[in-house]
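Please find the structures below.
The same chain A turns up in both complexes below, where it pairs with chain B and then with chain C.
Up next, the complex of A and B:
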């Protein structure tokens, strides 16, 4: 088996850290830092796992009662997705320290007396001596899941030797196993999803290993590591069989874990990590507290998974659907009664209520607002960029925002009046004409998403046009957006990028066109789109590494990566 | 203040915000239907819209959460010509030479002055085997509690009579005159409270403390009072509405400026003992209820008191922005009023907050003016007036199968018998964390534990 990127596993923190840094830099080189060669089949990748993937992985491997407390490196958004950023980033020194601290806290729990039996097939003892059978059998299971590939005999021998040496040094077998788990958790194999390749028996090139395929599928559909059944298919190589792969894909799509995977996509798609930085003026919006903020984010995810996964509704329906879920903190923003004192309950906007769909959710309008006021411009940009995959040019320098920001000017009582005045500046006009109409239709929502008919006593005019679709009211605009061909195309574009972890290249553009055509033809249902992606050859396609990394491998092998 | 005519919109839970424009209004003295006045209140945070839901018959239900519920206090310099009521700290030094008293009353010696009060409190409790002196107020004969001497007060004429000290049915009390000159105002509880320094806002020591404690219990979520007006066909004038007033264990939300936040969904308590329902009407935007007997949960810092106010009547102005303000007037059960305002388990309030339980108990009985017991010849209730401020809220009623009825076991806390607190058909539930130290067990609880242990031991034999 060949590795897309080089790594030599180690129990030792220092060795491990340097190896990580070396292999990460190699990954960057391999992923596009080298010569710009026109590639039909892109090279293997390394993707840093996200915080949610880390948490789900730990829960699935060691139990969901395992505490994961710490800070994570956050992937930058590239091309509108953090999933792409994760393919293009390394881990900083301080970031690795945090990952190492996380590994320590997790491993301490794993080898604690109460949890030992979940992982290791022998009795726990604080000061027990090295147990070769126990170490061999326990390590085989844990390593395969943490390192995401079976260990070679050489690797196994090294890990066992380290455990035995540590047992002697520490006088504790359990502590030695803890160090091994810690080392694996801090290794690049765990922190990065690495495309392992192997010779393709059907030709001269390479293909993803069965384990790499399993993990690519699992992280894409479930946002976590494969379950036992998928691992078994990887272990015996049957996952290379298209029928088996299809059966596994269908099983995964039917699983309740699909919700977890879909939520991860929606988080990235709508850039919901911005909620972490969301602040509102407590005097102006006292009801928008931390709980409301957390629930607003969760409500959007629950709404989307309910519509698109559970109900398998056509994608455009997310802009017009009346049913959602609600919690008490959000009830204060929507100004509706909520029975359940804790948690969520179904909620449906009345037919005569102008509110409907994703854009009427407090999370959307609050996220794309200023701390103390709404923002037609930010909301317009959000619709254009997030939902239509269009590009909005940044504001030119030295723009005078005085009129827009003064919400108490009696001459310009509504956002429309203020922005109309702002657009008299030619430097601003063209962009705002592109951005504002959709945002102005959302002016029925204040800075935290509470519905209003007027602003400063003046009625709110929501009319406008969206790429030729004329609308008068908020519901009209929502319907216009649902009918806009760009929304479906944008979803397909984002799903494909999310699956690949990079922008499509070469023939992958044609693949996207095919996905889009198929998506439209089959009723614009997200599960069908996900299935089409997973069953596409392009999803698993991989080419040879584009760079010679032998020098780096030699450096790691001979000098611990110091040269 | 009067509201403009509001057409009742076809309001559903989804069109609430379509009602009424929001205009910032200062809260001024509100003229009431009887010509008396309610006090001017601080400006409230206005919240647009109303927490209204529509019933099957098309009528509206308006919900509210109280954010302020405290006595209507009209302070003037003439109220207490002899000084404020004596606290235990004053009792502790009153026999000292005048020069020494003067020395202790200086600001720089305040700590010693208070410590002497605490020492007296500890001494008294020791003398009474650790019992709260407030449970046995007749044990000491403190100097008479000073009361309000002026004749001006907020409140309402509850009995239609202007009493001038010779009315037998009101136990010889004197009615007040309202600040705008209306006679016959019944508010004797104010007379008793009005010279307690901590009940007043203008006192140098502890001024405003009790108001903060009581209103703070709403902000802290210890006390929550909800109100619902059902069957509203016209928010300005409706001659037949039903009003429900309830306790809740949900905390009323407040912002960082101590203003209530509107539109929370809040669950009504399952304890029907704290459910109150009464008929009422809306006249020119003011809700006026018929008299009813109110019983609600109350507590601050763990005190298990209750509002028990007979012949309560509520006047509440329903504001255009969904908030409401007004007053509740009625006859507070004398014993409960004493517990509500004076009782404290360890005597700290008696030192720091301007009264002693023995004197306050005598005074509150002396000025009780309602519901005379023909057997004892004593009045059993005392007239009061309380100010209400409320924000819109959605009330979530318990389902019928979740309803229950219980009283809290305050026997040990107040040193009374089970019979005295019992209510027909109501369970007795243990009091949890009501102002007692962690790990503290009452004598009854200790006796029960000993009894169980003995039974277990015998069973083992």
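Up next, the complex of A and C:
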């Protein structure tokens, strides 16, 4: 099978470095039996912002009526997350062409007559001369947000000179400001989140600047740029004070924007961007139109934020919860009446309905299916890789597929019968035994998530076992999943990677173990996990930019080898 | 890669190359001659263009490779759709992706080995630039776009062209977007009267240089790997700057160049009917963009690696058929799978026909092109990477002799990439790594 992702192994150093000579270090507990150890800190990061971060940033900076129409280069998934891919990829020339075109359409709106007053402290005119005061004051505000820190004097001089020259050449001050905004929107400081460091007054190392801390918190928790209050705490440096940082984090966690941030994590965690490319055969599945596809993705997000953010339910409850929301296009797939013609309404699966939890949502089963039929294998891989963080090896190349599936063969009417035949091949057997049982438990859902009792006239058998948990029915399987220690551990692993934008290194493994322990102890609630992450020193740890990752990894490994 | 200027091929290397494989290699003289003639301007001789055309899931053994009968190509049942364009084609047979014991990452190893000259160690991870991007760099120094890439499948991930391990060129996915990029704002038509550069475009160039002024300061904030990523970002900025430069200088356009009609909006996905339609409309736009010298390189994807093509109303895709379809007892092969191969060939025939039907300088656009078509695998059922089906179309401005079957015997597939780089005028004498390292180009192709 083809999987359109790259799986690039990042170093997972399970090494305990005892005495590293480092310029900046953090004390960590937990590695090697709880000894306090010094750990090399990671270099500053440069992460490409995602499409949703771009859109939210523009809406928050220039108003949510600003249209962002365009196409984005997507970060590849690395280690299961696009958030890691964003730390590894750059911008291709065709990608930059598009960012540049986007910058142009956004900036034209920003300097239009009706929006001008939002950012510029003077009157708008189509043909106006350069206004030094207006340019200086307006630019300071815009640049601090777009370049993610205040401009240096030298930068300000350059940009003002540019606006002045453009005003003269174009005979329009507003157009000249528009070109400066366009340039900043196309700059690497805006398209990437680039860590900014400063000397750490508490030692001879470096620390993240207050602006960088504000952006790290904001992109992690809200998936967008900091708001005015957080920027103010960055501007006066008070964010370096732990109490103030904690108060800001708590404010952010209590904010409605947390839902936006959580949704961005769920999108990445469950690979929901795949919905953009999801295609179903219209003849076989007429009910699965574009609206149904959009709503199926939205329903999963609404279900997860409702359970995990609003209700603060324990994470495993997402596999058993009966309450969700539904829209009319989805009513067609679930075969239930929906009274609201537009929008969403609460919906609860009946007690005797085998449907419950995330895996019963049409979005999950439709996404992990073929265009014209279900796929126990794709679904099994999704549960294993996405929800349990297990690795499924790609299919071996030299498999003889002559033992085949033929949906019209009277002997092999159900997916189970066909896959059992497939498993007679030794090369396929071990993998499919690992993947298929959990996928076969979902065979009651067809290729678009509609419930069925039989396939081609034969009853569907959903029994199987999941890592030692035996189950008969889908609800049993989801209960097994809820009890599986792997699901909670996987969530913690993905949240940590998402926060770091890379695989954990060295002592960060110990940090993850600590997060996991804390998560289990505190009732497996997502908001408290997010809080624990953002209040950890490791979340903000940064080292000298001029020492590169590989050198640091090598030094950690060498020291670990000596101890 | 060895640059000839620094490390000339020894006589022994040349001889060794010449003796290996049935298609002989060529030494230096023609290379250097070629390097001087890859330019061209709209007013004089049209420039040479090169591009790739990709289809997924290969062919059925024994049904596709043509035979030579009485000196003429006789096509097989699966290559039959190419009958009307076969005089423009070369068929390349017997070239293998040599993996040196590395795993055959299904649907990945074949293409990656062929395009980068390096068998990939990890699934989905390209380890170097792909050769056609090196060619694009060479040919496209003065054009508005280094390369024009599109996929007929609607999926932007369906692309196999990498600037580096980390930078993949993203293709256009709709005819509308391709039209806008090529002929929308920024297309500099030959003007009547005195040329006046757009003052806004001039100011834009100045603004981008202000953005670039912060480069040094930014580099100081980053580690080595991220500095390389930043460097790539600025390379991309440079290409937009070049587009602005072209926009602000008077361009000489070929007489045949005109802005085509804007295409309508089409559904783009793996439905075979839509793929054919999108491919045809986008190929025509590409042909005119080449005539207008907007680019000298292109990459076309007709169907993806592990082809997801499907016929409306059918539960199985081409990919599922390759693995699940019974071998027909009477026919002796997978009948439905084979129909999909023919559909891919119909697509290529259409592409070649469009270039051949586009007039240019007394001949056709195809005469000045070299289209290199290939798949990810040979026999998809077992993911074989031996004898991956490949073709060329066109004469590359007189450099390539078409109408042949070029047979090798398990030679490294990288010989093709080497030959094409040399045809483009790149001073490359050796290319590829380990088992794919070769200094033996395919002389039989050369006119």
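Definition applied: the second predicted complex is superposed on the first by the 498 of 563 C-alpha atoms of A that agree within 3 Å, B and C clash if a C-alpha of one lies under 4 Å from a C-alpha of the other, contacts with A are read in each partner's own complex, and residues count from 1 in each chain.
In the analysis below, a contact is a pair of C-beta atoms (placed from the backbone, for glycine too) under 8 Å apart; a residue touches a chain by one contact, two chains touch by 3 or more.
Keep in mind that this is a model prediction, so the values were computed, not measured.
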| item | value |
| --- | --- |
| Touched partner set for A:88, first chain B, second chain C, both or neither | second |
| Partner chain(s) touched by A:71 [first = chain B, second = chain C, both, neither] | second |
| Which of chain B and chain C A:373 touches, first, second, both or neither | second |
| Which partner, chain B or chain C, touches more chain A residues | C |
| Touching partner for A:328 - first (chain B), second (chain C), both, neither | first |
| First (chain B), second (chain C), both or neither touched by A:454 | first |
| Which superposed partner A:282 touches (first chain B, second chain C, both, neither) | both |
| Chain A residues contacted in one complex by chain B, in the other by chain C | 282-283 |
| Chain B partner contacts - residues on chain A that touch it in the complex | 282-283, 286-287, 328, 331-332, 335-339, 341, 349-350, 352-353, 355, 450-454, 457 |
| Residue ranges of chain A touching chain C (in the complex, touch as defined) | 1-9, 43-46, 71, 73-74, 88-97, 100, 155, 158-159, 162, 165-166, 169-170, 175-176, 179-180, 182-184, 186-189, 191-192, 194-197, 277, 279, 281-284, 370-373, 394-402, 404-407, 447, 545-550 |
| Interface residues, chain B side, partner chain A - complex | 12-18, 21, 45, 48-49, 51, 53, 250, 253, 255-257, 259, 261-265, 267, 394-396 |
| For the chain C and chain A complex, residues of the former touching the latter | 103-109, 122-125, 146, 149, 154-157, 163, 166-171, 177, 181, 199-200, 202-204, 206-208, 210-211, 213-214, 218, 220-226, 228-230, 232-237, 239-240, 243, 269-271, 305-306, 308, 310, 312-317, 319-320, 322-327, 381-383 |
